[in-house]
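After this come two complexes, each holding chain A, first together with chain B and then together with chain C.
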Partner chain A sequence: MAAAVLTTAIAACLLAPLLWPLDQSAVDLAGTRLAPSWAHLAGTDELGRDVAHRSLYGLRVSLLVGAVAALVATVIGGLVGAVAGTVGGRVDRVLMRIVDTIAALPHLLLGIFIVAMLRPSLGAVILSIGLTHWLSTARIVRSELLSLRTRPFIDAAVSGGASRIRVLTRHLLPHVLPRLALATTLMVPHAVWHETALSFLGLGLPPHLASIGNMINDGQRSLLTGAWWSSIVPGLVLVAVTLALAVLTDRWRDRLDPRVRAELNL
Partner chain B sequence: MTASLPVSGPAPRTPIRRRRLAGAGRVIRRRALVAVPVLAATSMSMFALGAASPVDPAQQYAGAAAFTTSEENLAQIRDNWGVDDPLPVQYARWLGNLLCGDLGWSTSRHEPVADVLAARAGWTLLLVGVALALVLVASLLLGTLAAYRRGGWFDRGLRAVAYAVQSMPVFWIGLAAIAVFALSLGWLPAGGLTDVTATATDPADVARHLVLPVTVLAIAQAPWFVLFIRDAVADSLRDDHVLAARARGLPGRTVLFGHALRTALLPFLTLVGTHLPELVGGAVLVETVFSLPGLGAVTVQAALGSDFPLLAATTLATTVVVLTANLATDLAYAAADPRVRLDD
Partner chain C sequence: MTAPTTQTMGGTGSSAVPSAGLAAHQVSLSFGRQSVLDRVDLHLAPGETVGLRGPSGSGKSTLARVLGLLHTPDAGHVTFDGRPVVGARHRLPAAIRTRVAILFQSPRAATDPRLSLADIVAEPLRATGTGKDEARAQAAELAELVGLTPDLLTRRPHAVSDGQLQRACLARALVHRPAYLLCDEATAMLDASTQAHLAGVITDYQRQHHAAVLLITHDPALMTRWATRVVDLPPPAGS
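Moving on, here comes the complex of A and B:
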């Protein structure tokens, strides 16, 4: 079920420009705020644009931004975690104290601050997500490295004369990578929510770009006049996709680590 | 976090009770010492980011007049404010003013930052406080009931709903709530703190306006707490002391709430502490959706206007509140669990 939703969504996102070519800036002032019908499955917004089509395009943008931002966060977190986990000692303590501190601050406020100071733009949004979401990855990588370091095969490699870099790249990295991939995927929904929240506040992507957050923000005015679909439908699309993503990554985690069995049977 | 679990033999009852918070003073002092560098680092990075910002504070101060004001006038403003001084000098001056209680001048609202904070912090605290209380009561009740019949229809339904709500953005829930309860049914107001026609803040009117925002914030935050309590109670239902209570023939309700829930409560305190930043973020969004005059809404306006003094003040104030709350959670942990001692 979850896999079906996600596959459909990704396929629709990829094929959208081919199947339903859409001019992002086209407005139809004769048909504004139309209720859902066969011609417009999810109605039209205050500028007469089809909500269903734009939601699809918005999902493309949101997922893309989320994925890129999650990658940025993974790179930052991976580097910090790797340094903390391999160097150890005082460096490890200082780095982890920094991680704990940033984790205690409200993410959204930090994100708002970063975007506000850099002026809202695509790069600022990605940077804001990357700089606030790397903490869990750093912790995961560090703890994984700490437990791997005591394993016999690492001792064997070190006593065999392997250099620190070689041990890290040839022996430790292959064991950490599956975890890292899982952490990145788990982060995508969070990154998407963060982007959506920023866009909703008007601090995210440029307003002409159809992203889910921008659409919900634009739809707010229509919603107050009774045209609920222009805000609710894009959000519904987002909820369906992120929920499917969360369910699938939960299964994946169970397979990777059967000891921690998350009880999720939907 | 700093509290530890010592392994020690049985000790006489009364001294433990009295000494439970014995090390509190030292812990508070140690935490305060850590908090100083944290706050300094936070404010310094904020300041560096603010200095890297492409916005010219002088033009911002002048507003629309910036287009007609002469370059000399703008230079005069810059000189008066010292915004062209080296960064460390500016930081030292800002910090000095901060320590003297002068938070600066909000460039987007054209009033002192301290006034903005004083007028609005109360509403945000009210919103977050009531929502948190609601979340705690609801999650303790629902989570415990779900754990009692683990795998039953109530448990499965509750978990499905919790997972679904976890993936809903809080502002989207808010808009949906406005569409249904304010616009379709007309039961509650769609936003604001008082009626448009009201001249004074009447508590009953405010309460009616806060029902939707508080409920939405509580619902959006509840899943984490409900799922946590459910797992913790389900685990502690298998503990020996719960088994013993059952064997003594105590009624189910007493065993569930008096024995199983009580042991599950301790780690719950930590969750409350670590989840506070999320709650603050949620409050920012909820205030924006429901146009409440709280700190969150003002922060967003400041961000839209690149108003550094106001943004820095709200971010720092929130940091202080969150750090204090984390400390309070740890102290509460020690007060609740006789095994946790602060003085070692």
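Moving on, here comes the complex of A and C:
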């Protein structure tokens, strides 16, 4: 079920520009707040724009931002964690204090601050999410490396003449990468929500561009007039897709974790 | 084989510095407040087999790690053919590290679970710049010497027994032709026939390359049969 929802959503997002092209700035003031019908499956919003059509384009933005931001966060977190876990000592202590300090700040507030410093764009939103979500990845990578470093097979590699780089690339990173991939996918739904929150607060994409957050924000003005569909439909799309993503990732973790653990503890 | 001579080490230490061989001089090491080694001397001369015994916690494995150039002592130093060794692990060039090999007690913990047995044996050669084909060929030769069949070489650690894995570890330890082989209870987890086979391979290697072996074992029969000299480590301080 989750796989079907996600596959359909991704396929629709990929094919949308070909099958259902959308003029983002077009409005139809003669057909505002129309209830769902065969002509408009999810009705229209206060400017007469098709809610289903725009939800699809909004989802495109949300998934793109979610995936790229999760990747940015993984790269930053992976690098910081790898340096802390392999160099150790003072470098490790300094990096981990930086992580603790940033973690002590509310990350949505920090994200708003970062995005407010930049011009509103997709890049700014991605950077804002990436820069506030790398902390847990850094901690995961560091703790994995610290526990791996003391294992006898690393001693055997050092004794066999392997350089630091060789130990890192041949023995340490291959063990950490599955965890890193898992952390990235777990982060995607969260990043999607974060993008929506920023857009809802008016800090995401310019208002005329469809994004789930923008649509929920625009739609709340129509709620009092009875046109519930203009914010409920994009909200439901978001919930369905992120839930599907979370369920699939969770299943993957259940399958991956025992195997990795069993292999490492053999 | 002649009965080994016995001596007790630690605390008193000898002052003579033998030129050839691997030696620990007045080595002390603590983990936090726990003193593990207290001014220990040990000398491994080329060609000899030194047995190291002592109660659990007396620092046998720690001494092997210090001599294996994996741990820097808090005090004292290690000499390698008369020259002091400064630092351990990556602070030392690979050319020195590969002269001393360690065979660990648990072959499972000592092997990367992701690699095949062939890769495990060839890895030290690949790590020091030997080409893939050449490394594979040398690894296959050594694998045959330790009694690993070609079909086992394609398997990963979880698909072989402890004995088979320890054979691979021995092949890996010998792949750089080390002058010193430190066996840290390396045969403790193995059955008698595997134990005898590995001991035979090590003895042959020792004879051919005039290598020294440090034998840490709780097995008195193995110690008597194999070691030419036995060193006793005193019990840990405070016990």
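FYI, the second predicted complex is superposed on the first by the 257 of 266 C-alpha atoms of A that agree within 3 Å, B and C clash if a C-alpha of one lies under 4 Å from a C-alpha of the other, contacts with A are read in each partner's own complex, and residues count from 1 in each chain.
Going forward, a residue touches a chain if its C-beta (ideal position, glycine included) is under 8 Å from a C-beta of that chain, and two chains touch if they have at least 3 such contacts.
Just so it is clear, the model here is predicted, and its values are computed rather than measured.
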Practice item. Return fit or clash for chain B versus chain C, each positioned on chain A through the superposition. Key: fit
Check your understanding: With the two structures laid over each other on chain A, which partner does A:238 touch: chain B (first), chain C (second), both, or neither?
Key -> first
Practice item. Mind working out whether A:152 is in touch with chain B, chain C, both or neither, as first, second, both or neither? Key: second
Review point. More residues of chain A in touch with chain C or with chain B?
Key: B
Check your understanding: After superposition on the shared chain, which partner residues are touched by A:162: those of chain B (first), chain C (second), both, or neither?
Key -> second
Review point. Taking the superposition as given, does A:223 touch the first partner, chain B, the second, chain C, both, or neither?
Key: first
Exercise for review: Please work out whether A:174 is in contact with chain B alone, chain C alone, both, or neither, and reply first, second, both or neither.
Suggested key: second
Point to revise | Distance in angstrom between the closest Cα atoms of chain C and chain B, superposition on A | key: 17
Review point. Overlap of the chain B and chain C footprints on chain A, residue-wise?
Key: 263-264, 266
Practice item. Mind listing the chain A positions that touch chain B in their complex? Key: 101, 103-110, 112-119, 189, 193, 196-197, 200-203, 216, 219-220, 223-224, 226, 228, 231-232, 235, 238-239, 242-243, 246-247, 263-266
Practice item. Going by the contact rule at the top, pick out the chain A residues touching chain C in the complex. Key: 151-153, 155-164, 166, 170-171, 174-175, 262-264, 266
Review point. In their shared complex, at which residues does chain C touch chain A?
Key: 65, 68-70, 89-90, 94-95, 97-98, 100-102, 104, 106, 108-114, 123-124, 127-128, 157-158, 169, 172, 175-176
Study note, to complete from the structure: chain B residues touching chain A in their complex are 38, 41-42, 46, 49-50, 52-55, 156, 159-160, 163-164, 166-169, 171-172, 175-176, 178-179, 183, 190, 274, 277-278, 280-281, 284-285, 288-289, 299-300, 302-304, 306, 308, 311, 314-315, 318-319, 322-323, 326
